[in-house]
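So that you can tell them apart, the chains are marked A, B, C, D, E and F in the order they are listed, and the count of residues begins at 1 in each.
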Amino acid sequence: MSGKLVCFGEMLVRLTAPQGEMLLQTPQLAAHIGGAEANVAICVSRLGGHAAMATMLPDNPLGHAARDELRRHGVDVSAVKFASGRMGLYFLTPGAVLRPSEIIYDRAGSAFAEQADAIVWATALAGAGMLHVSGITPAVSATGGEAALAAVAAANAANIPVSFDGNYRAKLWEARKETGAPILRKLLEAATLAFIDERDIALVLGATFADRNAAAAAAFQAFPKLQRIAATTRTTHAVDAFSLGATLHHRDGTLTQAKPLELGNVVDRIGGGDAFAGGLLHGLMKDWPAEDALTFALHTAAAKHGQVGDASHASEPQIRALMSDGGKDVKR
Amino acid sequence: MSGKLVCFGEMLVRLTAPQGEMLLQTPQLAAHIGGAEANVAICVSRLGGHAAMATMLPDNPLGHAARDELRRHGVDVSAVKFASGRMGLYFLTPGAVLRPSEIIYDRAGSAFAEQADAIVWATALAGAGMLHVSGITPAVSATGGEAALAAVAAANAANIPVSFDGNYRAKLWEARKETGAPILRKLLEAATLAFIDERDIALVLGATFADRNAAAAAAFQAFPKLQRIAATTRTTHAVDAFSLGATLHHRDGTLTQAKPLELGNVVDRIGGGDAFAGGLLHGLMKDWPAEDALTFALHTAAAKHGQVGDASHASEPQIRALMSDGGKDVKR
Amino acid sequence: MSGKLVCFGEMLVRLTAPQGEMLLQTPQLAAHIGGAEANVAICVSRLGGHAAMATMLPDNPLGHAARDELRRHGVDVSAVKFASGRMGLYFLTPGAVLRPSEIIYDRAGSAFAEQADAIVWATALAGAGMLHVSGITPAVSATGGEAALAAVAAANAANIPVSFDGNYRAKLWEARKETGAPILRKLLEAATLAFIDERDIALVLGATFADRNAAAAAAFQAFPKLQRIAATTRTTHAVDAFSLGATLHHRDGTLTQAKPLELGNVVDRIGGGDAFAGGLLHGLMKDWPAEDALTFALHTAAAKHGQVGDASHASEPQIRALMSDGGKDVKR
Amino acid sequence: MSGKLVCFGEMLVRLTAPQGEMLLQTPQLAAHIGGAEANVAICVSRLGGHAAMATMLPDNPLGHAARDELRRHGVDVSAVKFASGRMGLYFLTPGAVLRPSEIIYDRAGSAFAEQADAIVWATALAGAGMLHVSGITPAVSATGGEAALAAVAAANAANIPVSFDGNYRAKLWEARKETGAPILRKLLEAATLAFIDERDIALVLGATFADRNAAAAAAFQAFPKLQRIAATTRTTHAVDAFSLGATLHHRDGTLTQAKPLELGNVVDRIGGGDAFAGGLLHGLMKDWPAEDALTFALHTAAAKHGQVGDASHASEPQIRALMSDGGKDVKR
Amino acid sequence: MSGKLVCFGEMLVRLTAPQGEMLLQTPQLAAHIGGAEANVAICVSRLGGHAAMATMLPDNPLGHAARDELRRHGVDVSAVKFASGRMGLYFLTPGAVLRPSEIIYDRAGSAFAEQADAIVWATALAGAGMLHVSGITPAVSATGGEAALAAVAAANAANIPVSFDGNYRAKLWEARKETGAPILRKLLEAATLAFIDERDIALVLGATFADRNAAAAAAFQAFPKLQRIAATTRTTHAVDAFSLGATLHHRDGTLTQAKPLELGNVVDRIGGGDAFAGGLLHGLMKDWPAEDALTFALHTAAAKHGQVGDASHASEPQIRALMSDGGKDVKR
Amino acid sequence: MSGKLVCFGEMLVRLTAPQGEMLLQTPQLAAHIGGAEANVAICVSRLGGHAAMATMLPDNPLGHAARDELRRHGVDVSAVKFASGRMGLYFLTPGAVLRPSEIIYDRAGSAFAEQADAIVWATALAGAGMLHVSGITPAVSATGGEAALAAVAAANAANIPVSFDGNYRAKLWEARKETGAPILRKLLEAATLAFIDERDIALVLGATFADRNAAAAAAFQAFPKLQRIAATTRTTHAVDAFSLGATLHHRDGTLTQAKPLELGNVVDRIGGGDAFAGGLLHGLMKDWPAEDALTFALHTAAAKHGQVGDASHASEPQIRALMSDGGKDVKR
């Protein structure tokens, strides 16, 4: 596949309490730039791919810092636009022992939520080999939903394949429940690749499924454009210990699987799914065999759990080194 | 005067860049709890007075932390209420050399802005000896304006004197220009003590004045309830050096003045005016002579410039020590 | 049960070395406010109960900061008194890998140790529904011992039930060995609820017991007022991994047990026992069934292991969420 | 002038001791990316101009981080190359009271020093409107000197004007004294704009001059291509207080001057000269009148003194705001 | 003069609030090792002289860290002894704007205060060329006073000259007022060099003097062994700005003076006097001319104001560089 | 054995990224002083033994800080010399989850690499009971190799036993492959004690061995002076979890083994092998039985994994406490 990956979505500033403290227990917050689609763009760029971000940011130092973080990682920012309004934020209190990590979203009324529809897709998609959107965007606001639909419509019209990540967040959708499923359905109709699991499919199709295989089969039937369905399988042993596997269902009914990895003493689990998407998109855009791409994607997701911040900074050689398991002792 | 000082206004979380850095130049932010009226309440409580806060906070860890900060300093929180919505924030980039400090407000859509009118004033003012409100509150939202008017109306009805701090912020009023002056006028009509200077008076009365004396005279004429007008005189030598004096105009035409203090290597100028208000309210509620109260207030404001954070933590003996100038060398 | 929980004991400032460093390996110390009984008061207040602290603090910024920390968490400080003298301190070097955490106490000659007997119990116990004391207080100094006896005597006289936490610390008792057991005995005689285990009972009764059940039976026999004996069962797997269960023996010979929880990657084990006491007292004061209260208490103790600092900041809903095990993945 | 500004030189990682401490007094160092020419590129890019960097970095995480910092600020990195070798470093101990700041260079054997000559200038200068080099480059190593000469030769051949900053560092030149002046002379011969003062000119021409005017006249005579000579006039009042003026001599004998600014409580003086060069280059490339460009440059240099790090992050509007002196009090 | 300088006194751990904050405003404290006489020993050792410390430290990690800090700076620790007991502490809240720095001492009951008399002076003074003691030691405790007298008696008996620093601290002497002056008198009787000013002399001699000259003359008359009296002249312009001069009175009535230095933006004033003593002792032990030694001492004291921590870390060449005023701009 | 342990090798400043971050992800680095042989010297000194360091450091603040760190821990620095040149550095990015820790060496051209041969061994070995060298030194540079050979020759000539630690680092030896094995062989020929395992022996002897026993037998045959071969057995479970055992082969064919310890949540694995060497050397110099010395050494190595920094700070009693397993719960 040629052309760059264009990711569309809201960017957020994450404000994180120190490890082991409750939010504002002491007056220090660490700031990280995030947002599901920006995480994918940064991940792909760090892996060596060509990624671009299309988004709407507030025209103030916070928005500029978000743009700068994209640039720092080599992401193409020609479709990053600025408008009046506020920066979307979220507060993270990392979990410990029995207490899960907790997120408070504070993204209502953001420049993106209010004006995401001002992006000109003809321009933003110039040179694109793939468009990546997620289910968070329509959850942000009605404007976000319209913008997402406009984006995939423009991509479809230009024969640019669409990647869609379900990324369903219960809290975000609460206020927009009824309008949600139809929009997600339309986005899925436009996609050739989807990061969704049996729960997402059940939600969109309004059905229940025996297992992931059955759900995938139903999704392929419902969405004729869809070629591949990717998903991780996460088992949570503790707030900082997981096992993480992955599946890739193909339209022809075949299934590629990646052997689960055990992840202990996890440093930062946020953005693990985005790193998975980034790793897979990188591999698929490089036309790697499905099994290699999926294993690569799983290791990219795993590596993200060992790095602070929302987006994966790992390079392709670093992921390949993890895959070949050159040993876990100090490299020197 | 007996009874507690009840302060009404929005509370904010301030997020501050490290000294000498641009916002998000590095990913650390210091968090402080602020808000003009809360600063007054904390200041008075720290000085040894009885202060209460009436406000509406989001029912989440940020709102709880704001409440806790009030409690920490001994402020009565029985009129602090919780609602859905977000916490008001602001971002501060401290100035250096030629660059002034810069504030980005992010308070739209806060729990206070949306639901400040849900405070029941009969309850909130029980036991009050004074109500303190400011011009920021009506600038926050229409709801804020209505709540402020309701508060002073309830105070007037209960014969509780009202203190009003103009606190005019150009940026905040921008979107509400036409509605602003009338509301400020109504608040001033209800007040017996006002923290306003010639610019505030000019704005409210739609007139220009030769100097502060003339403005004060006009204000006393326009607002029959008004007994005293207090203001600081700030000369800015550098982004971290000021001289700060104070005036107190009385209805009878007399004027009390406090000799300007030179403030160099200022640590944190935010909240200086609130500390002035707090110091004066403390003195007046203790029935100190006007000159003593004003000098005390000026030193409280000055001390605030040497302490990080929005609210003054100084005790009455600490301010008295500054006033008696026990020397500037190490106390041991 | 109605009325507030009054906790009596010394407050301490803890000074903690950074994780993984020896004390003063680098010149940074984190400060936390602690003290066994204050931890109980803060825990109960954070859980939503009405808690008060009776103590004697130095009349200096350290003592004021200790008082402020109580207020921050909503603890009633009307019985917190100030005197000359020093603040009790302790230094904590957190353990790692094979090395256990280590505490150096530095509390000799504190304002509390010298003047704890100046508290007027008639006043301090006004409105009390329960008095909570611990075995640390008599270990601090002879004055502490007298004050503790005076406190429980006043409570008994006023028909206020007494809760006693053994909290035996070998190091603290070393200098006061002979006088210790008789005082502890007297405190137990006054108590209706005791946080003691078989080792405490053996020490006080000068006997050995086959197991906890036998010890509890002997204690009920020796102390006719005693209604319940609570204790945790801690198994130490590593310096940062424990399993923690709990037992509650009733005077009628019945036994309530809480299923042990596995606690890995523990952030801060200090104050775990105080959180257990706080959780149980909260439940008992709310008249929850014994099993529910004990399970709640155990989860409160467990949650404390995942939070930095001496006192639990968890709310009742947070503990209930842990109990219902809503999953360990990120909450958003 | 059209086309981008291409800056050529070594990039360095600066490691800074905390304010008020001696180097390694405590074990923390702050890292900043610098290097005189990279500072110019970042400054121009932040001001809104189009700037590119040509350099040779080690192919390791330190080199990658240097490249990323350029990207973050929008600098074109298409001519940033990677090679084996080490990253150039320097250690900074900030001054205080009477003690001047002190720098220890640690740049020998760097990838740049060894392989700067591997840059292909035909490619690196494609699209260039100006080439900026400095006298540090030939001081770094013989290879650096050859590369600098190759760069200006390529620029001259392509009719791309050359900007040269003397940037003479006694310590760096020590080992290469005899070869220094001839190389600097050759670089000056190629330049149309030079950032040099009377000391640089005296050194290169081997003569002494009564004042800056006389030196400039001699330089214009010696170097026929030279059109403008820019220099700052720095008076050092204290280790953190300077007054800073600027002069711009024109080939026609006229002189533009910018009124000195008083800079107190300076946060970070490193890179002040590079910010001056960046500000002037930005103005000249925008064809601003000389006086405006020089005043703008001086304010850019001044603003740098109030920001931590080697490179100026100020935007054009921020510098314009300083020039119009909108006041030094908090902007909100 | 040959032989090492033996300094005798208590060592302290200083716990410092962050700049601009009140003590425990946020929960971080910086730790520094101090104590007036240890500061002198470290200063002399850093300057290149041979210095030893005689003291009594608690046999715990705090005491060991104090010993280690001496070793780090090259101080001979063969006369550092360990005993049971606590470490002397003090809490420092740095001043800002109008607020002076404030110290809370917490040294009662320390290992030194209780057991300073256990030092065997015959051993501790082996190889000594000078003994340095201060007036703080007898203020610490009666035991301290006896130990100081024993030390100077042993020195006198062994013909080792004694240096005495008055170091009178009102707060420390409060509890021991009547016993103070006689002990100080005895220490002065034993000294050949004294760091005292007119206030110290007035106190010890129970007289008042017109000026420093008159006081010095009286002191020389009262104390026949005394050869030199050194003192600084400090003018306090602001909490962080001083001018600092120095005088050295000789027994023959002559006076050496060092021209005052202006010290602005002072980083840490604690230990300035000890650095003066260290600088002078270093110069005198090297038999430098009085004027050179005094100017050197004054610059050592001045340099200390620009370095965080209690003891001067400056080397002799660094002080010489300040004296020659090689310029205040960055050294590179 | 009497006399001090003299350790010879290069010292390094380690610059460490924050836990969970990639190198320069954020601009903070922690500095630690290290170097394999200095780690041994510090470890032995902290354990209570008499250790000295012979090395060549740059005559600048970095070199002085390295010397100071040795002094801080009581290491004899009389054979620490200073020369021109740079300080050897290395950058450490701690591993997390699946990602191993990674080291970038930056030690080429250091004062040690260039001038290690300037150490005068007659002086440096005065009073030595043992000389400790490692295989890193000849890997640093040809000069390092010559200096190491000179050192062991001088020790052999003076009948001072030699301890040799193989410490083979693939990356360091890459450029010096062919010259490496012969030098290591000569060093082993001079040694009575060697810290080498089957891989080192295979490399030096150019042979392969069935197991460690066979390798040890061959080494004893090849190197007649060699009396003991010590090695750890490390199993890597995860990047922060190991099991660590140890073997000690004796010339007479007997084998002492220490039971493996499980090390979880490792804080800092760097220097673990040096701590093992230090612990064993300490025990052997104290003539402890082989089994006790080996178990002690293993626990010293284990304890190092729980402490930040390169060198072990543990005291002998602390290691003995770990060996007796006094429990893993808080010590108070």
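Rule of thumb we're sticking to: a residue touches a chain if its C-beta (ideal position, glycine included) is under 8 Å from a C-beta of that chain, and two chains touch if they have at least 3 such contacts.
Being a predicted model, the structure only gives us computed values, none of them experimental.
Enquirer: With over half of the numbers shared counting as same, classify the chain B/chain C interface as same or different.
Expert: Same-residue interface.
Enquirer: Using the stated contact rule, I'd like to know whether A-C or E-F comes out ahead in C-beta pair count.
Expert: Contact tally favours A-C.
Enquirer: Can you give the rotation angle that fits chain A onto its twin chain D by Cα atoms, in degrees and rounded to the nearest 5?
Expert: 180
Enquirer: Could you tell me which chain lies farthest from chain A when each chain's centre is the average position of its Cα atoms?
Expert: Here the answer is chain E, farthest from chain A.
Enquirer: Please report how many Å separate the Cα centroid of chain B from that of chain E, as a whole number.
Expert: The computed centroid separation for chain B versus chain E comes out at 46 Å.
Enquirer: Using mean CA coordinates as chain centres, what's the gap between chain C and chain D in Å?
Expert: Chain centroid spacing, chain C to chain D, equals 62 Å.
Enquirer: Any chance you could list the residues of chain C touching two or more other chains?
Expert: If we look for residues of chain C contacting two or more partner chains, we find 22, 27, 265.
Enquirer: Based on which chains touch which, is the overall arrangement a line, ring, star, complete graph, or other?
Expert: Complete.
Enquirer: Enumerate the contact residues on chain F facing chain B in the complex.
Expert: 26-27
Enquirer: Show me the residue ranges of chain B that touch chain D in the complex, using the header's touch definition.
Expert: 18-22, 25, 95-103, 105, 169, 171, 234, 236-241, 265, 269-270
Enquirer: Could you pull out which chain A residues touch chain D in their complex?
Expert: Chain A residues touching chain D: 68-69, 71-74.
Enquirer: Which bits of chain D are touching chain F when the two form their complex?
Expert: Those in contact with chain F are residues 13, 15, 22-24, 27-32, 60-62, 65, 86-87, 89, 91, 93, 104, 106, 108-109.
Enquirer: Note which residues of chain C are touching chain A in the complex, please.
Expert: By the definition above, chain C touches chain A via 261, 263-268, 299, 302-303, 305-309, 313, 318, 322, 326-332.
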